[in-house]
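In the part that follows, the structures are each spelled out as structure tokens.
Shared between the two complexes below is subunit A, which has subunit B as its partner in the first and subunit C in the second.
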Partner chain A sequence: MANLSATMKNFCTLEQLAEGRTALHRLHPLAKLAITLAYAAAVISFPIHSLSALAPMAAYPLLGMALSETPWQPLLRRLALTVPFVAMTGLSNLLLDRQVWFYLGALPVTGGLLSCLSVFIKAFLTVSAVLLLIATTPLADLTSQLLRLRVPRVLCLQLMLTYRYISVLLTEAEQMYTAYQLRSGGGRGIRMRDMGPFLGQLLLRSYDRADRVYCAMKCRGYDGTYRAGTLPRLTVRDAAAAASLCGAILLLRLVNLSLLLGRLF
Partner chain B sequence: MLTAEHLTVKYAPSDARCALEDVSFTLGDHERTALLGPNGAGKSTLLLALVGILPALSGSVRADGVTLDKTTLAQLRQRLGLVFQNPDDQLFMPTVFQDVAFGPRNYGMGEAETAQAVDGALASLGISHLRDRMIHKLSGGEKRLTALAGVLAMHPSVLLLDEPTSFLDPAASRRLQTCLASLEQGMLITTHDLPFAMDLCERFLFLSRGRLVRDCTRRELGSEEDLRRELESL
Partner chain C sequence: MHMADALLSPAVGGVMAAVSAAAVGLSVKKLGGRDFDEKKIPMMGVMGAFVFAGQMINFTIPGTGSSGHIGGGILLAAVLGPFPALLTLSAVLIIQCLFFADGGLLALGCNIFNMGVCSCLIAWPLLFRPILRRGVSRRRITAASVLSVVLGLQLGAFCVVLETLASGVTELPFGAFAALMQPIHLAIGLVEGLVTAAVLCFLQDTRPELLSASLDARRLDAGVSLKKVLIAFAVLAVVLGCGVSRYASTHPDGLEWSIQTLTGSTELKRGDAAQEKADSSEDTAAPPDHTGESDGTPAAGLIGSALTLAAAGGAGWAIRAVRKKKHSGDKN
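Coming up: the complex of A and B.
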């Protein structure tokens, strides 16, 4: 709770990054969406124990970040958020599959360990690709594109509203927390007995805010249908870039580059 | 022109007290009117009732010949542009352009027309440079002007402004006043900022406990001190 300001600053970073002007930023949102989906599908489709074959797939997020001049730190911070969720999925494999596949020196490497690592790597690669997409595409363009792809309007509007109002809610929580600290007589954090009223108040404020936002939307003609703006047409260059990147991803999926390189040496 | 006749509003039908009781007034074209009164007098309630957000128990609202009812809500809300007290309640899209374009798009404008309306509204307030900025990066004054631009882009004939100078420092307040003075729309402004009201408005409506208790011009009212005294007596 004490780091709300930092959280807010951190929260705004990706949106700022999306304002960049590199070639990847300029690529049509549909092209980027197609590349990201193709990449995620390719990564997920690798067999659960194929660790070495997965390694070349790291090229896309790495090159993408370099080309789009995306700094590592904010992406790594967000990537770290996925660790507990991935761990919950991956660690159970260690217990379920104890068959020894090979020995690394004296250390037995089980099928469970390989599949656990595979889950971690796949999760990090796919999340990195999604973060790269967000860091190079403004949210408004992304939602407009999703609407064009017939993703339900309600879902797109929810996405936009959530993104916009998380910062407002954080500001509100931060103000409440500051006011609490000034009258709490020292100590860190919120005492357990005050947590209920604090969260309740935050919920009520959020409800009030949501009500006012909805009224303001109605005052500007909102009738339940979210109307996004139009995007520029997909150019031949965008389509060619998407096709060649998807082709490269497919090639990396079908050809085990690690194995080929291993045979060379 | 905006006309409210015998407007009565209750928050809940079972409430003993009316939030607004028998409020009637007419706002002429291009007329700038201040709506004054103590806290809880019903100023914001009146604005919400005028655009049909709060349903009236009785009475009527008419703007440019359109009478408020369920079938004319959209038309009336285009004519009466309500700017909320807190711009964060109004600005919900990620960028300034997207937010200002929200109204025009809802009213069926094409993309070219929408872009024209947005650019026109931003230019009229001198904030064209904010066009592609992120909303959460704007200052309080910039947010206020952007919220106003979002309403102006719908080409309303009357602006309803709820406490437009709240959250603003004196310089930003002065800038907003200059912007508002340059607009041709009629305005109904709720405010506690008396110098702002005196400088901008030529007519004053006083609300107290949901009732319209006085309607006068600036000349009839006198000085800012007279206005302060009048308010304190409510």
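Coming up: the complex of A and C.
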């Protein structure tokens, strides 16, 4: 199934990207987490008709992706996923708010157009910020950091285990799907009436696998606790980088750089 | 049904994150209680991966030509119990957010609530368990699954409507938005409910002990009663509903509001709708009653945006070009 193999590929790509050695990769996970959260919060806090003030915010993903050598293809794929619901909201604004705010030459610009574009740009910026985070930080480091931030142990362990077993179960599902396709004479997807036994079988296989995983973990001394790998300490350099980037984000949120620049002309 | 960051305001995102964190915290507390079963941890991990894989498998819906997939909340709750199911779904949602941009980092709270809490902590104890508690048969399983999946999805879709409206990013009126979302999710819920029922019937035929374990009330309800949790959520929902909508209507933008509070300006308190719009848009372009054209604000904004984008894009391109050259130099 194209869906399953594309998903696997996505995981592999991101995992490989996260193993890079650029300056952004070396930045402490806590610093990156703080920057990403501050950035996303700043982006979504812009009023719904903001456009010019949002433009300078694009510097972070544009420069960050270049510095961390993150390719653009995964970003485009991610955007395609986010777009439907965002498009519905954006386009309904375009249709419903027809009050003309100003004219660009002969072109009337409505409030709806501004808010529609604004929503799309916000989607682009927030999606790329999360991609930048996960393309430069391995999930294990993020989870260790979350654990240090006192996120419940069970949830962190849950994250790691689920992540580890996704590839195993996707392979299992793909095998079952191929077998189904061979027996059912092709066609797209699975017939709805076969879905019960199909998913049920997958669930039982997962359940049994969980049993075996538990036994294997027990053999290796598992006692219900999660031992995370050691994270390096947050250095002064990391803290300074995070503070200056968060400061820059706050500054761009408060000052409309585009307008200031444009007025020079 | 994933909420995106772009459709949220920081206030709504923050409030929902707090609510979901409370629900997750409660689940952790329940799980680590007296009869903590360490075996449950790997079970939850693998079942989370199962739901992830299950969501990838599309089935064809007869007579429509379209396809659907399961959400998995009720299925997980039926196998693991409501609290472990919520934790498992939360982990799946976090992974989807990070690796697939399905929902955003700030929208995580909304998504965990809409898809996890609504089905595992509200629909499951309200409908699924009461129906199956008095006896398990194929008919009861089907009724319980369809009803609880439909309720969970309806609640979730309604929350999406409320969250988007409270964030103030849409011009859609409440009635039209709800009339658009609820019927679509009713249809999705019916189909998903039937598939969930088919899976659970299959489990009942092959491994009946899997279902009965989670229905056994004694083990799961030791400690906190579900009824209390439900009442707490209902109260919270009403309080938040009133609070958020009032907050959203008087302060369209949280950060701007806090800045104004800091600087002592009380401009936003006028509450006049037109003025609010003007306030919230001051930094972009002037609305018709301002002298937008004469002071050249839109044109300046446009030129400035193009300049900043060109500068950032150019710098990014230059960095990539230099790196590429360096890499090819290294290879030679």
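Everything below uses one rule, namely that the second predicted complex is superposed on the first by the 222 of 265 C-alpha atoms of A that agree within 3 Å, B and C clash if a C-alpha of one lies under 4 Å from a C-alpha of the other, contacts with A are read in each partner's own complex, and residues count from 1 in each chain.
In this text, a residue touches a chain if its C-beta (ideal position, glycine included) is under 8 Å from a C-beta of that chain, and two chains touch if they have at least 3 such contacts.
Here the structure is a predicted model, which is why all the values come from computation and not from measurement.
Q: Putting subunit B and subunit C on the same copy of subunit A, do they fit or clash?
A: fit
Q: Taking the superposition as given, does A:P138 touch the first partner, subunit B, the second, subunit C, both, or neither?
A: First partner only, subunit B.
Q: Look at A:Y222 in the shared chain and tell me whether it touches subunit B only, subunit C only, both, or neither; answer first, second, both or neither.
A: both
Q: Considering only touches as defined above, state whether A:A173 meets subunit B (first), subunit C (second), both or neither.
A: Once the two structures are laid over each other on A, A:A173 reaches subunit C alone.
Q: Have a look at where A:M195 lands relative to subunit B and subunit C in the superposition and call it first, second, both or neither.
A: second
Q: Which partner does A:T230 reach: the first (subunit B), the second (subunit C), both, or neither?
A: Only subunit B is touched by A:T230; subunit C is not.
Q: Between subunit B (first) and subunit C (second), which, if any, makes contact with A:L79: first, second, both or neither?
A: Once the two structures are laid over each other on A, A:L79 reaches subunit C alone.
Q: Looking at subunit A, does subunit B or subunit C touch a larger number of its residues?
A: Of subunit B and subunit C, the partner in contact with more residues of subunit A is C.
Q: Give me the angle at the C-alpha centre of subunit A between the C-alpha centres of subunit B and subunit C, rounded to the nearest 10 degrees.
A: Computed angle, apex subunit A: 100 degrees.
Q: Give me, in Å and rounded to a whole number, the least C-alpha distance separating subunit B from subunit C in the superposition.
A: Least C-alpha distance after superposition: 9 Å.
Q: So subunit A touches subunit B in one structure and subunit C in the other; where do those two contact lists coincide?
A: Comparing the two interfaces on subunit A, one with subunit B and one with subunit C, the shared residues are 139, 160-161, 163-165, 168, 209, 213, 217, 222-223.
Q: For subunit A, which residues are in contact with subunit C within the complex?
A: Interface residues on the subunit A side: 1, 3-4, 7, 10-11, 14, 36-37, 40-53, 55-56, 58-59, 62-63, 65-67, 69, 78-79, 81-82, 85-86, 89, 92-93, 96-97, 99-104, 109, 111-112, 114-115, 119-120, 122-123, 126-127, 129-131, 133-134, 139, 142, 152, 154-155, 157-166, 168-170, 172-173, 177, 187-204, 206-207, 209-211, 213-214, 217, 222-224, 253-254, 256-263, 265.
Q: So in the complex, the part of subunit C that touches subunit A is made up of which residues?
A: 2-10, 13, 24-25, 28, 31-32, 36, 38-39, 41-50, 52-54, 56-62, 67, 70, 75, 79, 87-88, 90-92, 94-95, 97-102, 104-106, 164, 168-172, 191, 194-195, 197-199, 201-203, 206-207, 210, 252-256, 259, 277, 280-281, 283-288, 292-293, 296-309, 311-313, 315-317, 319-320, 323
Q: Given the complex with subunit A, which residues does subunit B contribute to the contact?
A: Subunit B reaches subunit A through residues 48, 51, 53, 74, 77-78, 81-82, 84, 86, 88-95, 98, 101-103, 105-107, 111, 114, 132, 134-137, 150-151, 154.
Q: Give every residue of subunit A touching subunit B within the complex, in rising order.
A: Of all residues in subunit A, those touching subunit B are 12, 15-16, 19, 138-140, 160-161, 163-165, 167-168, 209, 212-213, 215-223, 227-230.
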